[in-house]
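Below is the structure I would like to discuss, written out as structure tokens.
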Amino acid sequence: MTLKHPPNNEHIDHEMFKMEVNFDDISGELLGYLMNLLIESGANDVYYTSIHMKKNRPGILLQLLCSRDNLDKMKQLIFKETTTLGIRYYPLTVHRAERRFREVITEWGTVTVKEGILEGQVIQSSPEFEDCKKIAEKYNIPLKKVYEQVWKQLMG
Amino acid sequence: MTLKHPPNNEHIDHEMFKMEVNFDDISGELLGYLMNLLIESGANDVYYTSIHMKKNRPGILLQLLCSRDNLDKMKQLIFKETTTLGIRYYPLTVHRAERRFREVITEWGTVTVKEGILEGQVIQSSPEFEDCKKIAEKYNIPLKKVYEQVWKQLMG
Amino acid sequence: MTLKHPPNNEHIDHEMFKMEVNFDDISGELLGYLMNLLIESGANDVYYTSIHMKKNRPGILLQLLCSRDNLDKMKQLIFKETTTLGIRYYPLTVHRAERRFREVITEWGTVTVKEGILEGQVIQSSPEFEDCKKIAEKYNIPLKKVYEQVWKQLMG
Amino acid sequence: MTLKHPPNNEHIDHEMFKMEVNFDDISGELLGYLMNLLIESGANDVYYTSIHMKKNRPGILLQLLCSRDNLDKMKQLIFKETTTLGIRYYPLTVHRAERRFREVITEWGTVTVKEGILEGQVIQSSPEFEDCKKIAEKYNIPLKKVYEQVWKQLMG
Amino acid sequence: MTLKHPPNNEHIDHEMFKMEVNFDDISGELLGYLMNLLIESGANDVYYTSIHMKKNRPGILLQLLCSRDNLDKMKQLIFKETTTLGIRYYPLTVHRAERRFREVITEWGTVTVKEGILEGQVIQSSPEFEDCKKIAEKYNIPLKKVYEQVWKQLMG
Amino acid sequence: MTLKHPPNNEHIDHEMFKMEVNFDDISGELLGYLMNLLIESGANDVYYTSIHMKKNRPGILLQLLCSRDNLDKMKQLIFKETTTLGIRYYPLTVHRAERRFREVITEWGTVTVKEGILEGQVIQSSPEFEDCKKIAEKYNIPLKKVYEQVWKQLMG
């Protein structure tokens, strides 16, 4: 069974899928809407790439990552919300680092930091964007200043 | 056996392939020519993406979809027409909606509309581009006006 | 007065304009059609770039080069064929090399070669794409072979 | 004097500016945040393009349109929120169609439609995205169905 | 007179130019070479963007920033090294922050940090890439670790 | 067993892998550095594509081709040098033409030409970029002139 929420420890997941659709007959407005809808509906990631299609058409390639369990749901959504008549997909493997979360205290409040751990070693520390953004907006300071503060605490 | 022309009813095709080549030593002029040649020779779809390659080279990634039966033909064409020495490919699955065609009568003539059907329900209706284009050119009217007329008939 | 067809000798043209429109509510299908229409109607060049617009919209930027005399015609066409409500533009300068044309004889027929001349020196020689394409299609040979033949003659 | 909110009638505005910055030392996360901030702070439009920079760097080009009155405010924001040490800009002209708004009643509620008018003629009608989106979310129907309904009413 | 090396204090430079060329008949290999050549020859910046050109050609747009004094030199180089027969350009304004340089001592050696100053206030601090890269290569450590060390010193 | 250096004769290699990572929280500066590092460490090819990610983020997709034997090494490097917590990959097949090398003598020195051979027939001849570049720099001549000379010799 594939878990909807991948576990936080380091692991290799062989049950992921990439889905792809080419669009040349839909507007960017609808595709912007679709991206959010797919993420809220369980896609692990969704991203667009610009492509050059036949007849001089600037097209858009949708790529979506999801678990095997979500394949059908994603297909339903894409067929219903877009103009496509064909969706392609193939399996892939994902190697995920362990994820741990810690709190960092800044002068404006607490920020969660996500740590990536590989073979027991902390290899990444990244302040959660939404936490930093809330502070930047609340105190009307540049977002990069908030990140700098968090890094300062992390390294102190 | 893979059919050259996929059937019109809803189905899942496990015999498709995606082919890819990176180019940094060929001009856009030749790639524009190649796209049409590959489509006319049986590719289901061909599209280009801009990529950043080593040594500051703005490169182009060719992606091509074809059936297993057409793999060799496509490889031959790409090797003969381009500068590549390596072509990569992998299988993928395509879920296709049922396709039906109906005629819509506008004040300027008939336009074919392609319908997509999923589990018996019409989920898409798209006027055929070439039909609309012919009318726009013949009567010297904006192409979007032709599409609007067809949609009006479809919804009437 | 701006000439519709720029002269073939080396010159600096201060009467060119670049026009730009951002699109997020029109399909690639219509934009592919528009590109040809604008070129046939007198644009010196038309090209699209993929842009990232607000609300996660993958948009398309139209850029068009034309003479001052064609500004109004181009604006009319873009307003009529697309969904935009605003077209922006600004003047620019173009330095053009002198252009000369010569014929090259290959085993399959004649090909025109465009030469670029700067301060009296031939700096470029480029076989005309349409001539080469016709030969490649007529004799069913790779397009790059035709170019190679022309270059061989040019350098012989 | 430049008006902050351009008038709704057809007009040519010679007081617009385009601002540009190249980024190779800032993350996409911060740029996504910046886009919204600039739009909320008075930019007429903001968009990003992928560029190939020196040393194999995939960079991002920020382009921003604003009135002369907003030039300084935009510069301040970009300098404070990003890593750039240089901002370039130049004036351009914008030709805007007249804008009118009308209400369209659908089975799910009212949708505003923006009309574009050129020399007294309606050349565009586009349903307001946010209105359609609210209906799609409230009634859990595909967004394209909402647009279809509005177009049906418009053409009826 | 335009200075070849812009001054380090905050200033507005009205003597900059942007140069642009569209390419569809040259390879990425040659364009990668050209970028370095132009930068070494005095261009302030050079970058490429992928564009969609007529006849399905994936093209490349060269953009180059230089001072008025370098215009002719840049044109010469582009005409000689590429296939273009036309180069366009237009003036723009650049607002530059003041630049100051300071040294930061890490456990692996000294790193120069460039500071950006606006109205007397330090708004940016960015470790020089080449300094950090040399350390990463010499001591075989991840480049991001070197940056982290520099930031730690900066904030300490 | 997979060979680190693929053989020079025509063959089909079923032991290749494509690795992919999406980035939205790292700068282009670091990605430019990473590309070279990965190529020097045994990747067969590395390239970046611009993608549109959630929250209006202009992101970068890393794609890397390597043999099965290099999978772990590449994963280690990417985890250590970047901010990612997940790397995905899948196998693909590569059809490689035979490669042969010959020397061509120009007035400025010898240039290696790589030939591609398919079913015994020479289908490509491409002058080695680094050889041509060295000549262009040493003799201060346009790089395209060097290529022209080599082609002239090849066709003579």
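Read from first to last, the chains carry the letters A, B, C, D, E and F; within each, the first residue is number 1.
By definition in this document, a residue touches a chain if its C-beta (ideal position, glycine included) is under 8 Å from a C-beta of that chain, and two chains touch if they have at least 3 such contacts.
Not measured: the values here are computed from a predicted model.
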item: Relative to subunit F, chain with the most remote C-alpha centre; value: D
item: Interface residue identity across copies subunit B, subunit D - same or different by half; value: same
item: Rounded Å distance between subunit A and subunit D, as computed from the means of their C-alpha atoms; value: 25
item: Centre-to-centre distance between subunit F and subunit B (centres being mean Cα positions), rounded to whole Å; value: 28
item: Sequence positions of subunit C contacting 2 or more other chains; value: 25, 29, 33, 35-36, 48-50, 52-56, 58-59, 80, 83, 90, 129
item: Graph class of chain-chain contacts, one of line, ring, star, complete, other; value: complete
item: Contact set on subunit F toward subunit E in their complex; value: 29-30, 33-34, 80-83, 129, 133, 136, 142-144, 147
item: Subunit E residues within the subunit B interface of the complex; value: 23-29, 31-33, 35-36, 48, 50, 53, 55-60
item: Complex interface listing, subunit B residues touching subunit D; value: 50, 52, 54-56, 58, 148, 151-152, 155
item: Subunit D residues touching subunit E - in the complex, by the definition given at the top; value: 20, 22, 25, 49-55, 59, 61, 75, 79-80, 83-90
item: Interfacial residue positions of subunit C with respect to subunit E in the complex; value: 16, 18, 35-36, 39, 45-50, 63, 65, 90-97, 99, 114, 116, 118, 123-124, 126, 129
